[in-house]
Structures are given as C-alpha cells and as structure tokens.
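In structure tokens below, several structures.
Below are two complexes that have chain A in common, paired first with chain B and then with chain C.
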Partner chain A sequence: MSINSLAFLGFLLAAVVLYYLLPKQHRWVILFAASLVFYLTYGLRAGLYFLVTIVLTYGFGLWLDRLSKIRPAGQTREERQAEKQALKRKKRAVLTAILLLNFASLLLLKYSASWVVALDQVFHLSLPVPSFLLPLGISFYVFQTSAYLIDVSKGKAAAERNFLRYALFAAYFPQLVQGPINRYQDLAPQLFRGNDFDWANIQNGVWRMLYGILKKALIADALAPLVQSVYSGFYDYPGVVSFLGAALYCLQLYCDFSGGIDLVCGASELFGVHMMENFRQPYFSTSLADFWRRWHISLGEWMKDYLFYPLALSKSFQRFSKWCRKVLPPELAKRATPCVVTFIVFLAVGVWQGPGLSNLAYGMWNGFWMSLGLLWVPKAARLRERYALLRKDRLMQVFGILRTNLLVIVGRYFSRATSLMSALRMLKHTLVRPGFSAVSAEMLHGLGLTMPLLIQVGLACAVLLAVSLAQERGVRVSRWITERPWGVQFALMFLALLLAVFCVYANVGYTPIAYVYENI
Partner chain B sequence: MDELYELLEDCCPDVDFRAETHLIDDELLESLDIVMIVGELNDRFDISISADDLLPEHFNSAEAIWNLVQQRMNED
Partner chain C sequence: MSGKRWLGMVLAALLLVFVVWALFNDAVDPFKAFGDRVVPWDSYSLTLNPRNSKAVYISDKLDEFDAYVIGSSSAASFLPEVLDAYTGHHYYNMFHYGADSAYDLRLAAWLLEQDPDVKQLCLVLGLNEANLPETKSDALDSGWYPVSGESRASYWAKFLFASPHYSMEKLSSLRQDTLLPQAFDVFVPEDGTYDKRVRDVEPIGSLEDYLALHGGDFPTAESAEALTNISPCAEAVGQIRALCAEKGVELLVVLAPVSESQLSGYTDETLNEYYTALSQVTDYWNFQITPLTFDARYFYDDSHTRNDTIRMVLDRVFAPDDEKWPAGFGVYCQQGSPVSAETLRTLAAEAGGKHTETVPILMYHHFVADPGGESTLLSTEAFAHQMRLLLEAGYHPVAVQDLIDYVDRGTPLPERPVLITMDDGYLSNYTEAYPVLRELHIPATIFAIGCSIGHEKYYKDTEFTLTPHFGQAEIQEFLRDGLVSVQSHTYDMHQEEAYESHSPVRSSIVPFEEESQEDYAAALRADIQQQNEVFQRFGLPAPNVLAFPRGYHETITDVILKEAGYRCTLTTDESRVNTIVQGLPQSLIDLGRINVGPETTDEQILAYLSRTAD
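And now, the complex of A and B:
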C-alpha cells in the first residue's frame, strides 16, 4: 500500500477512528495492528523476514539489558574490577554479534546482487546472481533497531520487555517507508502511553499531510520524467542542460523525500505521536556542513552518535592523533582525525545510498569538501580579520548559499547517475560543451518543460518558498493557519483539498510515482 | 582555566568561549569541533574522554568542559 494512494488515506482514517474509540491503555494495540496490516500489504515474505529481525533484536536487547544490570559481587576491589572488565567484554561481544547479524542481513539483501555482478564483470567467474526480496524500508529499521541495541548496552535505554510493544517500536507504520530513523527513548513513550484526542494534533497533522502531497505530486512527480530524460540522454543536449537537470533533480529529490516525510509525520501526528524532524530548509544552508545538519537529519544524527564519535574517539584514532602531532604542523595535526573520520562517515553515507561506485563517489565528494572545510577554518578566520568585505554578513550568507548549492548540485550528478562512468561523462559534458547559445525554447519544450508544467511547478514552488521562509524564521505554518479566522481556514482547506482531490487522487493526468527513498 | 581557554580558542577561533554558556544547545560547536577539542584535551591533560562522555551538559560551556577535565584527571 503506497503512502501516496487513496487506499492509504482510507486505512489511516480507519486506524485513527479506532485508536480514539479504544480505552487509553489499549490504544497502542491499534497502532500495532495497523502496522502489521500495513506491512503485510507488501507481501508475506517481507513480513516474515522482518519478524525474524524483530525477534532477534528483541531477544538480544533483553540479554544486553540483563548484562548491563549485573553488579560485580566480588569481595575485594580487584575482584570487582576483574568482574567488571569481564562483563564489559561479554557485553561488547553480544552487541557486536547482533550488530553484525543486523548489518550482514542488510548487506546481503541490498548489495549482494550488485557486488556479484561487479565481480563477474571483472573476473568473468560466471557466478549465479542472487535474487533476494528487498524488504520495505530495511535500511531504516536496521539503523533504528541497531541504535536501540547500542543504547540498551550503554544503559541509555531500558530494554522493552513486552514483545508486541517492541515490535510496534520497530515496525510503527508511518516510519516504515522512508524513516525518519527514530530513537527508542523519544518514540516509545509516545506510542505506549495512549494519547488523548487533541483537535490541534488533527489540524496540524492534516495540514502537514497536505503540504507533503503538494510537494510530492505537484513538484517531485511533475519533474521526475524531465529529470529522467536529462540523465538518460544528456549527450543529445548542450552541457548546460545537464546542469539544469541536476539542479531540478535536487528540487525533485527534496520534494519527494521531505514531502514523504511531511506526509508520514502528519499521519503520525493524527495519533498524537510526534516523530523526529528530518529536514530543516536544507537549500538555505551556508556551508556543506550546515547542509548535512539540515538534510536527512535523523540519518546524520545516527551517523554522528553511532559512527563518527565512537570512531573518532577510538583507541586507534587516538593513536593516529598522537602520531599526527609528531609529524604534522600543530594546526593540521589537531584537524587530522576529524577530517579522516568525516571522510569515512561520508563513505558510509554513500554506501547507505545504494550499491555501485557512483554512490561511493557521492560519499567521497561530500567527505572531501567537508574535510577541506574543516582544514579551511583557521585560514578563513585570518582572511576575515584582514578583509572587511568578508565580514559583511548578508553578502557572505548569499555567497555561502550559492556555493553550497553548487556543491550539492554537482554531488547529485553522482547520486542520480546509473553508473560512475555515466556521472563523470555527464560532468565532463557540462564543462566541455556547455553550449549556452544552443539552448532554445523548442529544445526545453521537447524535454517536457512545457508551459502548463512551468505554471504548476512555479506556483507550487512559490508556496514551498513562502512556507520555507516562514519556517526559517521559526514560524510553525500549520499552527499559524489554525490561528486564522474560521473563514480563512475553510477557504485554505477547500483550496488544498480541491488540489489534492482533483489533481492527485482523482488521477486527472497524474500517476503517483514511488518515493525515491522507498527502496533504500 | 586559562590554558583551557587558549586551547579552545585555538580550535575554534570564531567562538566566544568566555561568554557563551549554550555552546551545544545553540549549535555553536559542531561534532567536528568537539572531536578536535576532545583530542586536544586528551593530549594536553593526559586524560581519556570517550564517546560516552559526549553529552551536551559536558560541553555547553568552558566551565562544564573544565569540570569534565578535572573529573577525568582525578579518576586517572
């Protein structure tokens, strides 16, 4: 059941009605049942795989919790210390085992086929290509359950003892398709407490869902065929069209991903469950580091807490830091570890995006600029002291936004291309044959950039820009609307519903497209 | 404490460590800065601050960082 379908809306409505009809202490059961039904609509096999993951992570969670609560009972201080160390080692072994199992299943199901094909191409081994079913949202729930297990092992969260409640946390249906990657400590209490009916939650939720539909249907899905034409046939057009295609892909991807997140966060809000925010106007970022704090926030936070910090402060990297201090100038030495680890983290982000060298190159592109940015900090501070022009905040802000978006657009050459070679050819084509003068209205029309599309996307983008600017100033738009007089609210709701019903759900010239991040 | 201020200002020249008390909450320090600062602290004071110590309350102000350093020095 796709979340941008009429069936999902009906399903959601039924779940919301049943949720508030039940006594508070049993309301979580409806969320569990709805999640089960939702997942099973994607097939029994995927459901069975997911069940195995849930059983395993539930069991290991309890085991880790039990180990965390054991107190050393030795007679002397030395005995207690030895016991403590033994317990620590055992806990680490148990955690490593389940994390390996969790991530091995992800690697096997998501990447093995591509790796076998790549090996075959290089060594001509005629290996059989494995064909696995890719369960819905596997990357998201593997990351979410892994974070839970790490937090339990560190004593930051207590393990859930009720199996069905744990299953609800892992499989809560609004987060299943494309995240966000929620933390147990934030999500679980909201799922289990049985939330009171609150009209404000319903209003905010409905507005947010409508905004998500607007982004997805009127912008992302409208641009998708055009972007596809550019990426698949860039040689037929001047190089500047490739750049335009990559820039439009940035817009498409943002509206697709964040639109989907708005839809599921709005749906979750109908039950009074507030999930983690995943976007904060990323294209207003003034640096690439700023962009990654605003884009796919839940993945960024996961990477920071469970990969970046543990790796950067590991014994190996502490030794590496010491070595750097001996051989490098002090300014460079102190930045060496964060730079190298940042690069590694972005390689992981690239791999997370999918198999293939182009995704790895996407990670390297981001890792390279992020690391360089860190090395540039002291130099930039000295330049600011010397040149007054660099101290003009507004000017530097505009320059920063333009520079960041340029880096992001070039990065999207890699993340959207079908192969690394294709991305490099497209980039070369952009630089070597820009052909500004060869671009004509007929050519753009032939690509699908027609006047009706321009008007539709232009109007929707005007709404997007107005909402984004308001959000950047800290205004919560859905709340702002609900504080208007009833007449204004009614008119806005009527317009939005008209748009949703006639442009989207009535299928008038619109075919919903699967979410880009649905198969990640 | 002066040694700490010098170390912090060396790592992040744009941050006013003497005035700010919400370095993490106001996003004045990024994860990259924190790792750099911890690396320097571990080296300068010969202590061991691990990933488990990276809580906002330990890094929101220079004073909080100093308390963490002293705590680790006493433990060692």
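And now, the complex of A and C:
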C-alpha cells in the first residue's frame, strides 16, 4: 500500500478511529495490528525477513538486558572487578554478534547482487547473480533495532519484554517506509502508553500530511521526468543544463523525502505519536556541517552516536591521537582524529545510500569537505578578526548559503547518477562545455520545462519558501494557521484539499513516483 | 476554534471541494455526459468516450437519419456517404471502440425504439465482439444511461466525480487544437466516423516501404488465442435480427476484413467456430479473409481497415455481380451454411494476383528548336530522341487518367507504363513538344501556373519579362485531340521572389513559417478556387492533378487538395519508385519524377525507367 494512495488514507482513518475507540491500555494493539496489515500488503516474504530480524533483535535485547543487570557477586573487590570485566567482554561479544547478524542481512539483501556483478566485471567469473527480495524499509529497521540493542547493552534503555510491543516498536507503520530512524527511548513510551485524544494533534497531523503530499506531487513528481531526462541525456545539452538538472534534483529530492516524512509524521501525530524530526530547512544551511545537521537528521544523529563517538573514543583512535600529537603541530594534532573519523562516517553515509562507486564517491565528496571544514575553523576565525568584511553577518550568511548549496548540488551529481563514470562525465561536461549561450527556451521546453510546469512548480516553491522561512524563525506553521480567524483557516483548508483532490487523490493522470528513499 | 468546530470547518471545506469538482466537470464536460454546453467540442468527447458521446450526440438528431452502422472500430471505415449512395438511406455510424456484443444489442434496441423511421441497420462484426465480455456498468465507458440501462443517479455521480484530469486535459487540448486531427480529436461528429484526413493522404508505394514505416503496427502474434465470447455474441446478433424482423427493418451483417497480423492470433478452428455460431442466427457477408488480408497497405494498422478498402467491400456488397471482383473477395453466407476459414484462404489464394504497377514519370520544362550553344536548354531534337528511345525500349506512355482508372476500377495498364509531364505551361510545350507527341501518339500532362496562362511577355502584371506561356489558342488545340491534359501547377503559388512587391512570397505551395493551419488552408483553398475559375474561362475541365511548385509540399497541403477533389500529386523526388495499388488512391499521392534536362543521358533515363519496387 503506497502511502500516497487513497487506500492509505482510508486505512489510516480506520486505524485512528479504532485507536481512540479502544480503552487506553489497549490502544497500542491497534497500532500493532495496523502495522502488521500495512506490512503484509507488501507481501508475505518481506514480512518473513522482517519477522526474523524482530525475533533475533528481541531475543538478543533480552539477553543483553540480563547481562547488564547482573551484579558482580564476588567476595573481594578484585573478584568483583574481574567478574565485571568478564561480563563486559561477554556483553560486547553478544552485542557484536547480533550487530554483525543484523548488518549482514542488510549487506546480503541490499548489496550482494551489485558486488557480485562488480566482481564479475573485473574477474569475468560468470558468477550467478543473487536476486533477493529487498524488504520494505530494511535500512531503516536495521538501523533502528541496532540503536536499540546498543542502548540496551549500555543500560541507556531497558529491553522490552513484551514481544508484540517490541515488534510494534520495530515495525510502527508510519516510520517503516522511509524513516525517520527513531530511538527506542523516545518512541516506545508514546507507542505504548495509549495517548489521549487531542484536537491539536489531529489539526497538526492533518496540516502536515496535506503539506507533505502536495510537496511531493506538485514539486518532486513534477520535476522528476525533467531531472531524469537531464541525467540520462546530459550529453545532448550544454553543460549548464547538467548543473540545472542537479540543482532541480536537489529540490526534487528534498520535496520527495521531506514530503514523505511530513506525510508519515503527520499520520503518526494523529495517534498522538510525535516522531523525530528529520529535516530543518537544509537549504538555508550556511556550511556543509550545518547542512548535515539539518538534512536527514535522524541518520546524522545515528551516525554521530553509534559510529562517530564509538570510533573516535576507541582505543585505536586514542593511540592514533597520541601519535599525531608527537608528529604534528598541536593545532592540527587536536583535529586529526575528528577529521579522519568524520571522513569514515561520511563513507558510511555513502554506502548507506546504496551500492555502487558513485554512492561511495558521494560519501567521499561530503567527507572531504567536512574534514577540511574542521581544519579550516581556526583559520577562519583568524581571518574574521583581520577583515571587517568577513564580520558582516548577513553577507557571510548569504555567501555561506550559496557556497553550501554549490557543494550539495555537486554532490548530487554522484548520488543521482547511474555510475561513477557517468557522474564524472557529467561533471566534466558542465565544466568544459557550459555553453550558456546555447541554452534556449525551445531546448528547455523540449526537456519538459514547459510554462504550465514552471508556473506550478514556481507557485508551489513560493509557498515552500514562505513556510520554510517561517519555520526557520521558529513558527509552527500548523499551529499558526489554527490560530487564524476561521475564514482564513477555511480558505486555506479548502485550497489545500482542492489541490490534494484535483492533483493527487482523484487525478488519474497523476502516477506517483516511488519515494526516492523508499526501500533504500 | 474548538475541535468540533474545526472538524466542521474541514468537512465544510471538503464539501465545497466536492461542489467545485462537480461544477468543474459539469461545465467542461469532457465526456459529453451533461450535453457539453459550455465548452462544446464533439470531436473531443467522441474520442474520449464514443459510446456515451455518440448516443448523446445522436439523441436529438434521430430524425435526420434512418439507418445506422453498429459495431466496434472495425466498423469505423463504413462511411455513411458510401452507404447512402448505394442504399438511398441516411446513415449514421454509431461504432465505438472496444464494442462488446451485449452493448451492440442494447444500442440496436434503443435505436429501433427511439427512431421509428429506421430502414436499415448495418452490423459490422470484428474479432472484438467475439472476444470481449460485457463492459461493467460503472465504468466511464459503459455508455449513455438510457442505452446502457444504468440508473441516472449512478451515471451522474460517475461523471460529476470523474477525475478532474479529464476536464483539465480537455482545456489544455483546446489550446493545442488545429485544423487537422490530433490524438485527442479523431472523430467526425457529423457522420460518426474517424477523421482519417491525414492517414488518407499518406503516400503509399511499395509494401516494403509501407512496412518500414508502419511495420510496428502489424505485429505477428506469438501464439494463438481463443475467442472467449462466441456464443454470447451470436446470441446478441440473433436478438438484433429478431428485433429488426419485428420492426420490419433490414439488417445487413458484415464480418469486416482482418489483417494478416491480427489473423495470426487465431487458428482456423477458432474462426470456424465463430463463423458457424453466427451462421446459426443470421445470413452475413464474410470479408475476414480475402486477398487484401495479406497486403498490409489496405490497413491502417493490424485491426483497422482503410476507408478505401471498405469502399471496395461495400462495392462488392451492393454490386455483387460486378465482374471486377474475384470470387474470393467477400463471400455471402446464407443462414445455416457457413463458409470455413480454409475455404476463404483457398479463394483468397486463387484470387490474389498482381494488383500493383510501377510507373516512372519524366518531368520536362521548356524546349527550344535550336539551343544555339546555350547548354541549359533542352532541344526539340533531344526531346524527340528521348521519346523514341522509350518507345523502342518497350515503354508505353499513359495518361494520368489511366492511372486513376487502374486504381479506382482495376482497368489494366499497358506493360511498362510511363508518364510524360511538363511543368509551368510554356508556349514551347505547344510549339516544340506537341508536334513530337502527336507524331508518336504519346499522351502527356502539362502543369500550368494559372496566373501565367496566356502571358507571352511579362511576369503577371509587372514589366519583368518571362519565357512565353501558352494561351487560349494552344489550349483549344490541346482540347481537340485530347493527347495532352492540362493540369494544375497552382494558380499563383509559384511566385518569383525577385518580381514580387509583397512579402512573404508564395514561391511554393507550403505554408509560411508560423502560419496557422487555418490561415494556410484559407489561402490554398482560395488558390484552388482561382485556378478552377481560370480553367473554366479557358474551357478546360477542372484540374484534378497537381505538380507541386519546386516539389515542396506538406501533409496539410495533401489534405486540402484531396478535399478539393485532386486525385494525383507529383513531386520532384527522383528517389521515389512509384508503385500504384488497385483500390488505394493514396498510391497516386506525392509521386516522384525525374527531371530531364539537356545534361540527362539516355542511360540515365533508361536506368530510371527500369527501377522497380514491388
């Protein structure tokens, strides 16, 4: 069941009504049942894969929890210390085993086919290419359950004893398709406690869903064919068109991904469950680091907590830091470990995006600039002291936004291209043959950039910009609307519903394009 | 605002959305469900939904007609004008694509009930009817509710709340509408047929060329299918027959021609089952397998027969004793005695013979008795030599009318036919070439520029001199012995840019850049009219052959010329091998010619003449 279908709306409405009809203590059962039904609409086999993951992580969670709660029973302090160490080692072994298992399933199902193909291309082995069914939302549930296990092993969270409740945490249907990657400690209480009916939740949820669905339909899906033509046939157009295509892809991707997240977060709010925010106006970022704090926040946070810090604080990197202090100037030595670890983290982000060298290159592109940024910080501070111009906040902000977006757009050459070679070719084409003068209205028209499309996307983007600016200033737009006079609310609601009905739900001419991050 | 009030507000907004939705669909009415009063466009709604729109369209015009064609798109080419000419009735073609036999029956019953004057029904059956189950009544193409039996409420709800996409598409198509049909307006509302103006002027030559262009529309089936709806279909036909008998209405049942491509999807056994079932309930004409089946040129695509092919079919049906049709072209089956697919195949194989001819065409312009060293002019002597050359090589010069007769009636052409043509209408055609033609009894066609006829010295009303053109006296001579046919090179669409004071200049028959189809059509029609008037003034019959000035033309040119009665057009394309096909007037369109000048050698002429395609 696609989340932008009318069927999903009907399903959601039924689930919401049933949820609030049931006594509070049983409300979570509705969420569980709805999640089960939702997942099964995607097929039984995918459900079985998922069930195995849930059973394994549930069992290992309990095990880790039991290990965490064992108090050393030794007589002497030394004995207790030794026992503690042994327990710690055991816990680590158990955790490592389950994490390996968890990630191995992801690697096997998602990446093995492309690796076999790559091996075949290099060594001509004629290996049989495995073809696995990629279960819905696998990257998201693997990350989410892994975070749970790590938190349990650290004692940050208590393991869930009720299997069905645990299954609900792992498979909560609004988050399943494309995240956000929630934390057990944040999500579980909201899922299990049986939320009270609150009109504010309903109002916010409805507005957010409308916003999300329109963002996807009016901008992302309208631009998708255009972006597709540029990426698949960039050679037929001047290089500047490639750049335009990549820039439009940024817009498409944002509206697609954040539109989807708005839709599912809105749906979740109807049950009174507030999921983690995944975006904060990323294209207003003044630096790449800022961008990664605003774009796909739940992945960034995950990477920070479960990859960056564990790596940076690991023994190997502590040794590395020591060594750096010996051979490097102090300022550089201080930043060496964060630089290297940041680069590794972004390689992981690239791999997470999908198989293929172009995704790896995407990770490296970001990792390179992020690491460089870390080294640059003290230098930038000194420059700011010396030059008054650099202290003009507004100017620097605009410059920062432009610079960041440029880096992001170039990054998108890699993440959207079908292969590393085609991304590099496209980049070269942009630089070597920009051909500004060769661009004509007819050419853009031929690409699909027609006047009606321009008007539609233009108007929709004007709304997007206005909402984003308000959000940047901390306004909760749905709440702001509910505080307007009823006439204004009515007009806005009418307009939004009209667009949703005409352009999405009743429009046989609209074929929603699969969410880019769906099933990633 | 309290929660409940907020919910009320949302529901009110939703209600308003539904009201706007319904009003929008009602006003734009792409399906002609509500009469299409605000943005009337019959051809569009017929294209989108012929089943519904045709019934609505005809409902207040039933008194204008007394006979109807019923069937699926295989009935599209049964042109009312042809049927009317044979039967004396006033036909309307009620065909709609995707017809199922259950709906055919309902439509026939409705027509017989609503129109007391019906004299004849022509039921055309293809393979669709024997294959399609009944259309669901809640579908958008289930038809007009008085015909389909659907309740009025459900019909209204269905179209008021149809996807707004349809209405928006209608509005956007309206902006792109042009004179010629496009994918969104393929119907002629006045008679209910397809608007085939463009496909009916596509030049047709060899089968190979046709398949190179349209081969994709003639796929060969990978495996044989069953016909799943034979008995319900036969039952419906039987009921239509009974209804007609009851009302004293004549019923003509025709199994329409099927292309080899479509035929490949069914075994003879399956077809026989169909033929037998039909034969139990009615007499019928069977045209499914004929010699034409095996020549794709007689079809627009695998399941659609050309209008001109159906002209042949109707000719056969209404003048069955005409000897021009071989025994295998259409078989009349009496009730109870079907003719099997195998027999049809045998008859088709026996009847199938040569039905095409290759016709090379030579193009001349000006002649001089003595070129006097000027190498750009062709001498009379050279022309006489060339004429003798082709006679000696066994070629037989023919007139354009011979080609038309071959196409229309199958009148045989002599062996190795060739056409001699002269462009522009110079006086030298009379003084130099005509004596040679007379001496050798060679027919020829001269294409005269209307506004230059009789101009011996000056270009139109200017003082620019020009090569003299023939006038009244010469035309009288031509008319006397009929060896030369004077035809059109346009009235004034061969202008000399240097001599004209206005701009842009019509140096050829093609539209100006940015000229709308409507403006161009008006200009071309006016030119045709003026040409007819000039021809009339000189006592010439109205032209029906035209050589394109400079050889250029566009599809719309061909469409307007056909509409004005032109039967044959000529270009200057030397590469095209002209293959003319019996029954297909399109094979006379855009014929190629070789320009013969002083530099043309005998070998070049002979090489050109000897080219064949089929």
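As a working rule, the second predicted complex is superposed on the first by the 519 of 520 C-alpha atoms of A that agree within 3 Å, B and C clash if a C-alpha of one lies under 4 Å from a C-alpha of the other, contacts with A are read in each partner's own complex, and residues count from 1 in each chain.
Please note the rule applied: a residue touches a chain if its C-beta (ideal position, glycine included) is under 8 Å from a C-beta of that chain, and two chains touch if they have at least 3 such contacts.
Worth saying up front: this structure is predicted, and the values here are computed from it rather than measured.
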Which superposed partner A:498 touches (first chain B, second chain C, both, neither): second
Partner chain(s) touched by A:436 [first = chain B, second = chain C, both, neither]: neither
Touching partner for A:203 - first (chain B), second (chain C), both, neither: second
Chain B versus chain C as contact partner of A:482, first or second or both or neither: second
Which of chain B and chain C A:338 touches, first, second, both or neither: first
First, second, both or neither for A:374, with chain B first and chain C second: first
Touched partner set for A:123, first chain B, second chain C, both or neither: neither
Chain B versus chain C as contact partner of A:490, first or second or both or neither: second
Interface residues of chain A shared between complexes with chain B and chain C: none
Contact footprint of chain C on chain A as seen in their complex: 199, 202-203, 206, 452, 482, 486, 489-490, 493-494, 497-498, 501-502, 506-510
Touching residues on chain C, where the partner in the complex is chain A: 1-3, 5-7, 9-10, 12-14, 16-17, 20-21, 161, 163-166, 168-169, 172
Of chain B, residues touching chain A in the complex: 10-14, 27, 30-32, 34-36, 38-40, 42-43, 49-52, 54
Residue ranges of chain A touching chain B (in the complex, touch as defined): 154, 289, 293, 304, 308-310, 312-313, 318, 321-322, 325, 334-335, 337-338, 341-342, 370, 374, 377-378, 381
